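Presented sequentially are two complexes of chain A, the first with chain B as partner and the second with chain C.
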Partner chain A sequence: MACTVRVASPLRSYTAGAASVDAVGHDIAAVLADLDTNYRGIRFRMIDEHDRIRPHIRLYVNHDAVTSLQQAVHPGDTLHLICALSGG
Partner chain B sequence: MAQDTLWIGTRKGAFTLRRDTGNRAWKLAGPQFLGHIVHHVVQDPRDPRVLVMAARTGHLGPTVYRSTDRGRRWHEASRPPAFAKAAAAAKPRAVERVFWLTPAHPNEPSAWYAGSSPAGLFRSEDGADCWHPVAGFNDHPMFPKWSAGATPDGEFLHSILVDPRDPRHLYLAISIGGVFESTDGGRDWQPMNAGCAADFLPDPDAPFGHDPHCVAMHPKHPDRLYQQNHCGIYRIDRPATRWERIGANMPKSIGDIGFPIVLHPQDPEVAWVCPMDGTAVWPRTSVGGKPAVYMTVNGGKSWRRQDLGLPRSQAWFTVLRQAMCRDERDRPSLYFGTTGGEVWASRAGERWRCIARHLPEIYCLAVAH
Partner chain C sequence: MAMTATEKQRYARHLSLAEIGAAGQSRLKNSKVVVIGAGGLGSPSALYLAAAGVGKLALVDYDVVDLSNLQRQVLFTNADVAQSKVAAAAKRLAALNPDIEVVAHDLQLTADNILDTLREYDVVIDGTDRVSTRYLINDACVILGKPLVSAAIHRFEGQALTYLPERGPCYRCLFPNAKDGQVPNCADAGVLGVLPGVMGSIQATEAIKLILGIGELLTGRLLTYDALTTRFDEFTVARRTDCAVCGEHPTILTPQDAVPKSKTTAAQRALISHSTPRQLQLRLGSAAESTTPILLVDVREPHEFERGHLAGCVNVPIGELAARMDELVASLSGSSRGRSSRPDVVFVCRSGGRSLQACEMAVGARLTAVPINLDGGLLAWARDVDPEFVVAPV
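What follows is the complex of A and B.
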């Protein structure tokens, strides 16, 4: 069973404008890999080449901030992809 | 009808200015990629239909876009520039911005180079779609010393130059770090900074750690390089190994600090710079609020002010290193873009005309054919 991924507007060019898509995976890393399979390139805009979450990206599973890509994801969970923008 | 096209990369997207050749009126189009920070747009001289753009947004990671139809449609690189994955214990570098793009040698028609911040060199073999780190530079045993990383935004790798006589002969620059040369296609590198001042370093004769802002190779005389440095304007004629400070011949009241340097397409004696205020706290604005371009016609022995048409006072903009360019004409059209969102044009610097204004902060300009 899939989880739901809420996509922030700066990333919707990858999802053809969709604000919400489905993805599968037992942890964040697997979900992001699945997302990247379906929406090629989206992962690298959020996760750097050393598998670190980029400085202005925040991920939440339901209401919990993600600190590790090994964090578990369960069917029915919602993964929020948040872009933290500031300044002009 | 033939068209002149000028690509404009800004802090908020990409724009074009176009005019029918011979027509004075420019037409602005865009934005494309509104909201993206566009660090560089480069046309491929080996196939003018191809354009490559280095871009990112404020929150997302860096990427590269490619067009094969002169910028009508763009496709994101399948594998943007990224450093090799590091061992777990290391403090790895990650590409924050792709800052510079250079087409490789004409004999390597699908190859491109990219420079990043923090400093990294990358190469694509397939028309800028898949990028790979150049280990000979990025993992060079001396790299941690070469790349000081002391500037507020991190260091930038730029001015990747390919010798038209030999695809293995490369130059690049790091700001801050210095100029480096490779004669074996990027497997090994040597610093090339003798003669350049580094007033901010404790050792004035340090072999590296300098701050080249822009290095240019003359297209017809590739042994001649010019450099606009944080500490002066320089020229070198290879195989000499020591830069000569030709900026010492600039008026003392103007100084020889700036970002871009642009060379004449045929005459290696002719170059243009856009001086900035490098006094005290380094405002890096036009000197005294009176912008001017300076031209040399004798390899830097003397310089001539070219400010006709530019604001006479209270114009405090900056011209960044990728934001000045020229076309290929014998009497070339020159263009510069400002941090205030204006584009200025002239023929050979003789009379400047503002051809666009109210744009976002301009990061780069590129003439396309």
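What follows is the complex of A and C.
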């Protein structure tokens, strides 16, 4: 069963503008990998070459901050992709 | 200090709130707030703070009013176009509330002037449109021990967070680092005009509560608003012990100007070539015979690209360029197949600014071909080469 991924505005160019998409996976790493198969390139915008979350990105599962890509994700959870914005 | 009869009338709806009353209104009158950026966010926040009777209200900006600002920057009118933003704003705010003092700082904040500019104010409101300026302001506020109400917007999405010295995380705790190129601004991506109205009003609300000492602030809570789905959300943000400015062992002890985004040196920048629209037209016309192939990269946002683009152009929005440089290198080797030399890469955008930034990034990333900037962008192309060409608004 899938979890819901809420996509930050600057990353929606990957999801054809969709604010919310589905993805599957038992942990953050798996969910992001699944996301990347459907929206090629989106993972690299959030995660660097050393599998670290980029410093202008924050991930939350439901309302818990993600600190490790091994953090579990359960069916029905919502993964929030949050990106620093600069507009004023 | 006793209130005058007109003040009693002006603030009657505040005075009847038990949480404000005469004592609270007097606190507002004795407070000093500085709004940085007289733009989409600064407009509503400054208007509401002036209306609320903040005794000294300062605005910091160095820009002039552009017609394209009026879609969201409600401080200004048509008559203000081409005028100094802070001067026009000061006039508007003084007209709204002649009982307050309005100060116009017509300057660009730098590491050298920021501490002196912000020092006298009780609350700082960040409504700027560059991420490097956001870090400069955040660091100055941490160093000075000033509360900072931040907000930012992009297309249909807004964020807000309030920093309270010693009591909560700062903007760097939220996002330790970001570069201007990674975070698109409104000029690049567009923005729903009313969105900063919502977020700027939230900033004014935070500042007023802070001055009054009432309610709960957005301290340690990132508020997000998606105007497209009408969804507010909030996420807890913890203070980072390793924060570079507010952590246990800070490495930022004085404000610092941002290093150039792609760390290009003057020598590297000299590697960038420039092309006028007519030169590019000639170059494209002779592309078939040329031994040097040409790759056109349009760095505008997809919605701009869709409205009209040059034939054969690939679309890589500027905010994605750094992450997609490899892809570009791959398409370079693809397009040079069977030709004797490496392709020229021409970056284009609406007016030539984003494409120049792209050229700098290409040099910084050691993309081997010499990057070429279409000077003046597609607006110049439409003016000088193809009057039928549709240049989408940002």
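Observations on the structure shown:
Note that the second predicted complex is superposed on the first by the 85 of 88 C-alpha atoms of A that agree within 3 Å, B and C clash if a C-alpha of one lies under 4 Å from a C-alpha of the other, contacts with A are read in each partner's own complex, and residues count from 1 in each chain.
The working rule: a residue touches a chain if its C-beta (ideal position, glycine included) is under 8 Å from a C-beta of that chain, and two chains touch if they have at least 3 such contacts.
None of the values given here were measured: they were computed from a predicted structure.
For the composite obtained by overlaying on chain A, chain B and chain C cannot both be accommodated without a clash.
In the superposition on chain A, A:Ser68 makes contact with neither chain B nor chain C. Of the two partner chains, neither chain B nor chain C is touched by A:Asn38. By the touch criterion defined above, A:Gly87 lies against chain B and chain C together after alignment on the C-alpha atoms of chain A.
In the superposition on chain A, A:Glu49 makes contact with chain B only, while chain C stays out of contact range.
Contacts of A:Ala19 after superposition: chain C is touched, whereas chain B is not reached. In this superposition on chain A, the options for chain C are 114-122, 132-140 or 348-356, and chain B clashes with just 348-356.
In the superposition on chain A, chain A positions 10, 41, 44-45, 54, 56-57, 83-87 are in contact with chain B in one complex as well as with chain C in the other.
For chain A in complex with chain B, the residues that touch the partner chain are 10-11, 40-41, 44-52, 54, 56-57, 83-87.
Interface residues of chain C facing chain A in the complex, by the touch rule stated above, are 37, 39-42, 126-131, 134, 151-159, 174-180, 182-186, 189, 191, 196, 222, 224, 226, 228-229, 233-238, 301-302, 317, 319-320, 323-324, 327. By the touch criterion given at the top, residues 35, 57-61, 63, 76-78, 80, 82-86, 92, 94-95 of chain B touch chain A in their complex. The residues of chain A lying in touch with chain C in their complex are 8-10, 12-13, 19-20, 41, 44-45, 54-58, 60, 63, 65, 80, 82-88.
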